[in-house]
Amino acid sequence: MLAFLIRRLLQTIPTVLAVVLLVFVLFSVVPGSIASTMSDDSDPQVELRMKKQLGLDQPVYMRFGAYVARLATGDLGASFRTREPVTTMIAKRAWPTLQLIFASMAFAVLLGVPLGFIAALRPGSLVDTVSMVLAVSGLSLAKFWLGLLLMYLFALKLGWLPSFGYGDGGLKYLILPAVTLGVSPMALLARTTRAAVLEIMTADFVRTARSKGMSETRVVKWHVMRNALVLILTTMGLQFGALMGQAVVVEKLFSWPGIGSLLVDSVLQRDIPAVQGSILVVVLFFLAINLLIDVLYGVIDPRIRYA
Amino acid sequence: MTGVPLVEVEDLRIDLDDGSRRVAAAEGISFRIDRGETFGLVGESGCGKSITALALIGLLRPPLSIGGGVIRFDGKEIQHLSAAGQRELRGNRIAMIFQEPMTALNPVSPVGRQIAEMFVLHKGKSWREANQLAVESLASVRVPAPERRVNDYPHQLSGGMRQRVMIAIALACGPDLLIADEPTTALDVTVQAEIIELMRNLCAERGTAILMISHDLGLVANVCRRVAVMYAGRIVEERGSADIFRAPSHPYTQGLVASLPRLGSRAALGRTRLKEIAGVVPAITGFPDGCRFNPRCAQATDICRTVAPHTDVLEAGGFVRCYHHA
Amino acid sequence: MKLRANLVIGGSLFALAIIVGLLAPWLAHTDPVMDANLMNAEEPPSWTWWFGTDGQGRDIYSRVLYGARVSLTVGIVSQLINSVIGVALGLSAGYFGGWWDDVVNALTNLMLAIPSLIFALAIMAVLGPGLTSLLIALGLTNWSFTCRLARASALSLRNQGYVQAATVLGYGDLRIMITQLLPNMLGPIVVIGTLGMGSAVLSEAALSFLGLGVRPPFPSWGSMLSEARDQITTAPWLSLFPGLAIFLTVLGLNLLGDGLRDILDPHSRSRRT
Amino acid sequence: MHEPQRKPDDDLILRVEDLAVHFPLGGGLFGRERRLLRAVDGVDLSLRRGECLGLVGESGSGKSTVALSILGLLKPTHGHIVVDGREVATDSQSADRKALARTVQIVFQDPYASLNPRQTVRRTLEDPLRVHGVAAKSEIEDRVATMLKHVGLRPEQADRYPHEFSGGQRQRIGIARALILNPKIVICDEPVSALDVSIRAQIINLLLELKDTLGLSYIMISHDLGVVEHMSDRVAVMYLGRIVENGDWREIFERPAHPYTQALIAAIPDPLRHAPLATTGGDLPNPLNPPNGCAFSPRCRYAEAVCRSEPGPVLETRPDGHAVRCWRSEEIAGQAALASSLSGHP
Amino acid sequence: QTPRKGGTIRMTAPYGSSFTSLDIHTTQRAQDEIYAKGLHRSLYIWDSAEGKPVPELAKEAVVSGGGLVYTFKLRDDAYFHNGRKMTADDVIWSYNRIMDGTKAYPGARYVRVIEGAAAVEKGQAKDISGLKKIDDFTLEMKLTEKVDPGFYFFTALTSIYPADEAAKESFIQKPIGLGPFKFVEHVPGSRIVLERWDRFYKPGKPYADKVIVSVMGEAAARDVAFRNKEIDTSVLGPAQYVAYQSDAALKGTIVEVAEVFTRYMGMNPSFKPFADKRVRQAINYAIDTDLIINKLVKNKAYRATSWLPLTSPLYDKTMKPYAYDPAKAKQLLADAGYPNGFEFEWTTSQNESWGLPIVTAVIPMLDKVGIKAKVKQVETAVLAEVVRSGDYQAFVYSQQSGPDPQAALKCFHSSTPQSACNYMNFKNADFDKLVDEAGQADDPAKRGQLLQKANALLYDEAPVWFFNYNKAVMAVQPWLKGVQLNATELTHQNVEDLWVDETSPAK
């Protein structure tokens, strides 16, 4: 198992390096520079000096080399904009983003999976139809529009929840953004679960279980759930990626102090070290989650061995 | 042995709802199995063997359903039993082994647990006791080192081992009837021999009757005392196993026996051209009128093409469904 | 039958969107760009202005019709790019295996690891807002699923008898890939493509929200929705109609995808490889 | 490396020498020792013109792997394959591939998976001709029509898609495709085992007829010993990647010399005898972890110490052409003859 | 009504989704100065009531040396949040820091007015020679030009930092200032929390215990939050301005002020048609500016006449803006040799008040006189660069045009580089002369006259389409009192004067 983990970790290195390179190259050709967003009317000499200070006067490959060298020591550089180390900036933002991502995923799982099960156990029934129509609808909404509607409804009309912000970090602030973000993975999970359960219900071993004289509830509990979990996990793992992407929109909408909003701000202001750092962290997070899920596979599905 | 047969099936009809209409996937199925008897069901792929077995054990699921007829088990009609009543029989008194030992076992559950479930379900045992009994069951199907094997997952076992596990599950509660639906089709001949012998011996020990389903007429004839041949949803002939091979009565059975080269026949008779059965098996939606074998039958006459034949009881025992039987 | 309901509804919604886009010049009441008349600004829906007018006095109905052109172009073209890239890479990787497979796998993992919206955001920042940039950004960032699928299909089809037979018959690699593999993997790829179009339309909206959308003045649903968001309480029709257009089109595409999946790919399974 | 011995044996159309195919399993980008699956290990075979060689053996014993290597679909780890006097290049260039295609063809087991569902029968049959440079339209049409007639299909059925045919008809199409380039050797990998029982005889008869009319050589792979006995001139028995016995069909079936061959034959149920089947005990060994010594030794009732420690001896060909790979073949031969005479086949 | 002590003030920072930095010297975004007004203090402060900067950390300023030398008497009761008393050293240290050329602090352009500052910036000197500490609380400042230093040293860009402490690493995490509130917490992207600084130098102030500044870039979200009483202030865009006006419950919350920004379309004189004054005038005639302000901007702006805005002390009430007269526009175009108009590319950002929506509304109007405009949309960051590099045919922008009229007009001086603020690369000898003379004039009235003339000349030259002067509108909850009408930027409130009464829902 340990060997497996180490091997998987080693395998992520090329991906991470490629991400670094990709983002670096991408942003070395981007028009607009940090200098122009910093001041309205600085004189060109000053700007030049600033570029020098930020190392922007060097050729791209030199900068890349320096960047990778620093990266190896865990240094993501200093933000052009705030002049703070990018690691500090990200560290401050990481927890809210994690909260948001995991809360959305929890919402998606807690609602989507049971919904999918219920739908699959009564295929063709009203429950099935309604929940699947809801699921598809959930997938078809523009995130920020949905967020605004939720905000309008639950904060303004009903007054149940605060409409924005991180507040003191309390749960009530988390609910609206998490739900907004969680709707589409929820919908996807409901559908995946339904499809997985439906498929497993036709599997031979389910017929075996029935031939043992088992009630349908027991069949589901003893034999279907664990098998469905494998498929559900796969969807979850991939959804984490989409979630990180969508978080950009949701964080911006709800003034959520996460990496997503840091990323957008940094992109728009050409704060290249911050952009690179944020994307790198997002990628590392995704890779870590998927590593975790791979480990979980091994726990759930004995056919996958990590000898 | 009492006079009541263990299983009595009379004029069973199984409907298939293909969305717009119902067609009979099998009809007029009648047979009887005595206690401890071995009974074989052979026939072409798709002729309705498996669904007949599923009807017996109450596992038909939509779009298939019982369309008529009676199934008596131990003298009691069971075709309209409640779900709970059926579960009472299923596994406990009627057990079943399926064709694919790989897919018939839950891949993510240890085999020991899958056996133990039987004792929990039907014998009211605790999981601990059940697990202990599972080890004994595995030992009884001659799996080496059963204490270790109970913790294995299906993929860690070979095909033959898996099928032994299936047998252990099926025989766990000492059923009166074991339905074996092509238990060895996926296995090699040497392994097949192992499994068949194991099944035969265990059932003989416990007085369990076997309903054995296979494509392989040779295998069934070897294993079973009586054999029924199905063709396109109907039983066309039912005989003692030696008779049916030596002197097949229905033209289809005759064709089957003659069409396949038997080991040793070339050595004995030289290479002769095999006898062919012309044409193809009809599709379930396009069964011909009259005798369903008529389009492929050399002896078919007008009556064969219009009116389905009744069963003729043969003097030598058994019956056949043909106007021209030998 | 129930299965076909989603196909019919989804197909009709999508077809409707396409027709609306194609016939926009004939169906629209006014020019979506030039007919800004501040005298009619922010009229609520009425008989004259079916969907109301916006702050510049443009007819929302006409803009929604024209918006279909941009939004559907974004959806269809970017997904086509994705499909072509994904199929070309996945098919060849699955067929040839070896180092090429490793390279493609690494690329796919890379694409999977960077959330596509974030990647698209970065590309848009580089290319600047505009339709072409958007097509490129969305077209380059979403092929990993298609690629994986194509690769998995190619891997399994490669061992099918007819592919082996083609090899044994001396067919060239390209011929095998195009005549033997491609037609037989198209079903699930079309399904993924349909769903991908839906998400491209949504991504366009999201990027508009982030300020990196299609270049005006031609309206897209995403930019209309994004521009109208401040007035969601005061002039709800501004966001309602483009929002509905997006919702119904994406819904249609999702339903269509599901329907096609039921037909083309009954045993689809999102197993990881 | 040893050069293939170029015996001027014109009669041999195919020679396989010391063939080995090893599949590396698992292993990643970084390190981790790879496990080798020795699917085929040191196989020698030969096929004469007009001959049908039966290849039998348990599932996983490497029969298909041998076939695929001969066809150039698998790259052998070691060994030589000489087809019609030409060595099959290990990294087949497309020219070689084409030349090979005109010599060796294959009929697959599964008639459903072996036809491209998106191509009409005509396309399936015409394309190979085009690939091989037959340009004249009339010639192509002619050859397709003739071939269809050969395999018992009507030429007008050519414009249909595979799903419009029954399993037996599909297998006929598969045979037609294999024969369209006029090959000399046809490898039949379980050509009937996926077919309905009542159809099998049609296909077996067809294959035998075609062999005679077209002068083909066959390698016939099957589990069904009845079919193998019926069709073969010579039979090779494989066990765990090696040939354990090889000889004239009559020799093999009447005087099986290897304990495995004996077990195989004895395990066939005889319909006329309601008698227990002969069993060997034990399961198939794991090819990833083969037993020490002779691979069959754990299941062999004759096994002695030498069998368990030393790998089987080389395949030793007796003067009558019968070859066995067994330490104790001499002693066993007598008992087997006895057993077979007792089994009472009619 | 006596101000209530205690309570929490919940302000919003509406211009983007996070604060740039806690080092206020590094950022000149309006967003950041909102919190800086609580945390930091500069030499001067903007007095909204007077409409001009007044000394803050200086008690008085004595002018000598022909208006070039200022001697400041500094406060001796100003304490940094670490408890240390501010002295002249801190001022000198802070200005030296701002002139660190390698850091390119945006405040440098203000400090550069002190003699010797530029040398420090270029690395030729270590200390600004024009700054002299007389004693701990007396500071002498020598200027390079005759200007009012108040306009240069009132923004947070020139905040006074505690010398040396501010050089420490931790400063950027936990800034220390002289303001009425001290730093408690910063949740990046979400909010900054400040709490009362008890040793603030104005007796009895600040009133509130706590100030929370929440970052809320989304107007729609802000709207919901304001209506939901979660925030005390919200900046309103045109749409919401109208909505709030027509909502009885919200009408009373509106606070508006004319700000010192001029919105305009800049035209590149090196693009041939725009080189001709008549073409530029024609554009001013062709656009129905009032209609746009009325309908699109919802009157959340004042019609621009020339460059100097309404709030400028030199705003000329007698001037009339260009009338909407397409016929005249056509005539002028024909005179200039473009009877059939021409085509140009118009670079714009997405900004709702001076970006895309305006452009889209103008395009059809220009179309009517034959001028075709092609839109080129860029991000704000890119636009800023485009404008300074001159890489445009036309652009639309919002530029600070006050509060100092002289500085505002100086932007059009031919000696001002395009990359500074002469974005249209305006060159006009008459104009230069007027501005130069004004710079020399000692008499403020004379100076005013000259500058007004220059402003009128700009009107006639029409280097830009004069669109509007910004009207800032903020919604303020009824319980928040003491809001100042700051014309430089309405959101920049001197927080010590704000207080909340007990109806505030915040604890």
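Order of writing sets the labels: A, B, C, D and E. Residues in every chain begin at 1.
Here, a residue touches a chain if its C-beta (ideal position, glycine included) is under 8 Å from a C-beta of that chain, and two chains touch if they have at least 3 such contacts.
Just so it is clear, the model here is predicted, and its values are computed rather than measured.
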Intersection of contact partners for chain A and chain D: B, C
Result of counting contacting C-beta pairs for A-C and C-E, higher pair: A-C
Reference chain B; chain at largest CA-centroid distance: E
Rounded Å distance, chain D centre to chain E centre (Cα mean): 87
Separation of mean Cα positions, chain B and chain A [Å, integer]: 52
Distance between the centres, which are taken as Cα means, of chain E and chain A, whole angstrom: 39
Shared interface positions of chain C, touching two or more other chains: 125, 128, 211, 229, 232-233
Two or more partner chains touched - positions in chain E: 218, 220, 224, 378-379, 382
Multi-partner residues of chain A (each touching 2 or more other chains): 31, 148, 152, 252-253, 264, 268, 270
Contact footprint of chain B on chain D as seen in their complex: 58-59, 166-169, 196-202, 204-205, 208, 223, 225-227, 229-230, 249-250, 253-254, 263-281, 283-284, 286, 299, 343, 345-346
Complex contact set, residues of chain C against chain A: 2, 6, 106, 109-110, 112-118, 121-123, 125-126, 128, 198, 202, 205-206, 209-211, 222, 225-226, 229, 232-233, 239, 243, 246-248, 250-251, 254-255, 258, 267-272
In the complex with chain C, residue positions of chain E that touch it: 218-220, 223-224, 237-240, 242-243, 288, 291-292, 294-296, 350, 352, 356-357, 359-361, 363-364, 367, 375-379, 382
Residues on chain A engaged by chain C in the complex (per definition of touch): 14-15, 18-19, 22-23, 26-27, 29-31, 124, 129, 136-137, 139-145, 148-149, 152, 192, 195, 199, 231, 234-235, 237-238, 241-246, 248-249, 252-253, 263-264, 267-268, 270, 275, 279, 282-283, 286-287
Residues of chain A touching chain E in the complex: 31-33, 35-47, 49-50, 52-53, 81-84, 88-89, 92-93, 96, 148, 151-152, 155-156, 159, 162-166, 251-258, 261-262, 264-265, 268-270
